[in-house]
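To start, the structure under review is shown below, and the notes come after it.
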Amino acid sequence: MGKNRLEAFSDGVLAIVITIMVLELKVPHGVGIADVQPLLPLFLSYVLSFLYVGIYWNNHHHLLHTVKQISGGILWANLHLLFWLSLFPFATAWMGENHAAPLPTAAYGVVLLMAAIAYYILQYLIICSHGKDSVLGRAVGPDLKGKLSPLAYLAAIPMAFVSPWISSGLYVFMALVWIVPDRRIERALKES
Amino acid sequence: MGKNRLEAFSDGVLAIVITIMVLELKVPHGVGIADVQPLLPLFLSYVLSFLYVGIYWNNHHHLLHTVKQISGGILWANLHLLFWLSLFPFATAWMGENHAAPLPTAAYGVVLLMAAIAYYILQYLIICSHGKDSVLGRAVGPDLKGKLSPLAYLAAIPMAFVSPWISSGLYVFMALVWIVPDRRIERALKES
Amino acid sequence: MGKNRLEAFSDGVLAIVITIMVLELKVPHGVGIADVQPLLPLFLSYVLSFLYVGIYWNNHHHLLHTVKQISGGILWANLHLLFWLSLFPFATAWMGENHAAPLPTAAYGVVLLMAAIAYYILQYLIICSHGKDSVLGRAVGPDLKGKLSPLAYLAAIPMAFVSPWISSGLYVFMALVWIVPDRRIERALKES
Amino acid sequence: MGKNRLEAFSDGVLAIVITIMVLELKVPHGVGIADVQPLLPLFLSYVLSFLYVGIYWNNHHHLLHTVKQISGGILWANLHLLFWLSLFPFATAWMGENHAAPLPTAAYGVVLLMAAIAYYILQYLIICSHGKDSVLGRAVGPDLKGKLSPLAYLAAIPMAFVSPWISSGLYVFMALVWIVPDRRIERALKES
C-alpha cells in the first residue's frame, strides 16, 4: 500500500543525487595534464560519495524489502533521510575542492552523521511498526555496523580540525565496511 | 489505466525538483565559518521548500491512491500542479539569497498560492470524476486545511511588503500544519 | 515485453527535461521589479516549452498504451524522439533570452519540427508492427493534426527571419491545438 | 526479487546522464550564426554520447531481461557501470569543447573503455549466477562485439596523441557497430 511509490520516489532522488554530484566536476578550460590535476581530489571525493549513495541505495533496498505497511511516520522518516542525502553534492564539492581544509572535511562528516541517524530512525520506525519479532526485527538484531558508523563519524568531525587526513581515512574505512551488503537481512529472510 | 505512468511521471518531476534546489547552494570558495554563514538563510529556505515538496508528494500520493480513472482533464490539472512546483527552486533561491527583501518573499508566496490552487483544482476534478460520495469525496469533506492554506498565502503576499518576517513565519506555520499527512483519507479508507 | 522499461525511461527523460528547463531562469541578483522584468520573455518561453513537453508526454502515453511488442526499431525511434526533446532546454533558453531575434526563434522551430518528425516515425513504426487494422492503426487514421504540425513548424522557420512574432504565434497556436489529448485513440479503444 | 528496483534505479541514472549532458551546451549570448558555430563540435560530441548511453540502456535492458536473482555482487557491478556512465557528461564536454586536442580525446576513450569493462564484469557475474547453459549464457556465446569494443577503445586512447581524428573515428565506428541491438539474446530467447 504505497510502498511502490515510496521506493520509486526514493530511487528517483538517489539517482539524481548520485548523478548531479558529477556536475561539480567543472570541465577544465585547458587541455593539458596540469589542467585536470586540480580536479583529482574532487574526483576522489566524488568516488567516495558515489560509494556512500550506492551503499544507502543498497541498504534502503534491503530495508524496504521486508516492509509491508507504510505509515505517515515512515514516509517522513524516509524524506528526512533523503534530505540529508541531498546535501551530498554540496558536501562532496566543498570537501573535494579544499581537501586538506578542516571545516569542509568536518562538514562532510556532519552530513554522513545526520544521514546515518536518519537511516537509524527510519529503521527503528519500520521495526516498531512490524514488531521486534518480525523478519526485519530479528535480522537487524544487535546491529553492530549501524551503531559503529555514527560513532565513527562523530569522532571524525572534531578530528578534522586536528588532521583532516585521519577524518577522510575514517570516511573511506566506514564506506568499505558498509560495501558488504546487509547479509543479516538476506540470511534471516532465507531462514524464515 | 495510465494511473501508474501519471504517478511515475509526477514522482520523477517531484524527485528532480526536490533535488535540484540544492544546486542553488553554491559551494563557497573559502573554507572558513565566514564563508558558509551567508549560505544560512538560503539553507533555511531550502529546508522549508524541501518540506513543502515533501508535503505535496505525500498528499499527491494519498490523493491519487483512491483514483481509478485518469481523464484528460486530470492529466492537465496534474501537469499544471507540476508546473508551479517546478518554480520552487527559482523562488527558493531568490528568497533565500535576499531573505529580508519584500519582493522575493512575496514571489515565494505567489508560487505557494498557485501550487495550492492547482492542487485544489486537481482534487476537485478527481472528486468530480468519482462522485462526491466516493471514498475520496467523503474523505476530503469540509477540507479546512485545503481552504485555509490559499488564504494564508494570499495574506502573506501583500504582508511581505510590510514585514517579510511575518510572511516567512506564515509559510513556516502552514508547512507545519500540513506535515501531518491527510489522515482524513486514511480514516475514510479504513471505514469504507 | 520491455514496454514498462521503455515507458519508465521515457518518463524519466521527459521529467528531467521539463524540470531542468527552469534552471535557465537564473536567479536575479537584485530584488526589485526591474530585476525580474528581463526574465519575463524567458518565463513565457518556459511556459510554452512546458506545454510542449507535457503534450509529448501525454501523446506518448496514449501511443504506447496500445503497444504490445517493442522491437529494436521502436526502441531507437523512441530514443531519437527523446534526443530532440532533450534539446528543448537549450532552444527555450536561447529563444527566451533573445525573444525578437530571428535565428533563436528559427532554431526553436527546428527543434519542434525534428521532434514532430521523430514522433511521426515512432508512430509509423508502432503502427507497422501492429498492423494498420490494429486499434492504434484505426485510431490514428487520417491524422490531420499530426500532418499539420510539421507543416506549421516548417513554415515558421523561414518566417522567423521576416517576423519572429508570427513564428512565435504559430508555436503557441500549435501548442493549443495539441493540448486536447488524442481523443481519437481514446475513442477507438472504447469502441474496440 | 529486487530486479525491478535495480532496473528502475539504473533507468533513473541513465535518464539523468543522457539529459544533463545537454546542460553543457551553454546558451550563447549572441544571436548570429557565428555565435552558435563554436557549439557545433560540442553538439556532435553530445550526439555521440547520446548514442552511447542509448546503446548501454538498450543492452542493459536486454541483459537484465533474462536475470532472475540479483546478488550483492551484481548490485555492485551495476553501480560500477553506472559510475563510469556518470562520467559521460564530463568527458563529452571536455572533448567537445577541445575537439582536436589529444588529452580530452584520450580521456573520452578511457571512460568508454572503463564502461565497457564494467559492462563485461556485470555480464560475467550475471552469467555466472545463472549458469553458462542458461538462456543468457548461450546467447552471449563467443561475444565478438563485446570483446572487440574494449580493444578498439584501448587502441584509440594512445592514438589520440598521434591523431585525435582517428580516435574520434573509432568511437563513432564502434557506436554504429553497437546500434544494432543484441539480437543474439533475442534469438536465444525465442529458441528457448
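Each chain carries a letter (A, B, C and D) given by its place in the written order, and its residues are counted from 1.
Keep in mind that, in the parts below, contacts are C-beta pairs under 8 Å (C-beta built on N, C-alpha and C of every residue); 3 or more make two chains touch, one makes a residue touch a chain.
As the structure is a computational prediction, the values presented were derived from the model and not from experiment.
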Worksheet item: Is the contact between chain A and chain B built from the same residue numbers on each copy (over half shared) or from different ones (under half shared)?
Response: different
Practice prompt. Report back the single chain whose CA centre is most distant from the CA centre of chain C.
Written response: A
Item to complete: Could you put a whole-Å number on the gap between the CA centroids of chain B and chain D?
Response: 37
Worksheet item: How many Å are there between the centre of chain B and the centre of chain C, using C-alpha atoms for each centre?
Response: 27
Worksheet, complete the sentence: Going by residue number, chain D touches two or more other chains at 8, 12, 15-16, 20, 23
Worksheet item: Given the complex with chain A, which residues does chain D contribute to the contact?
Response: 2, 5, 8-9, 12-13, 15-17, 20, 23-24, 72, 75-76, 79, 82-83, 86-87, 89-90, 93-94, 97-98, 101-104, 107
Worksheet, complete the sentence: Interface with chain D, chain A side, in the complex: residues 7-8, 11-12, 14-16, 18-20, 22-23, 25, 27-28, 31-33, 36, 47, 50, 54, 57-58, 61, 65, 179-181, 183
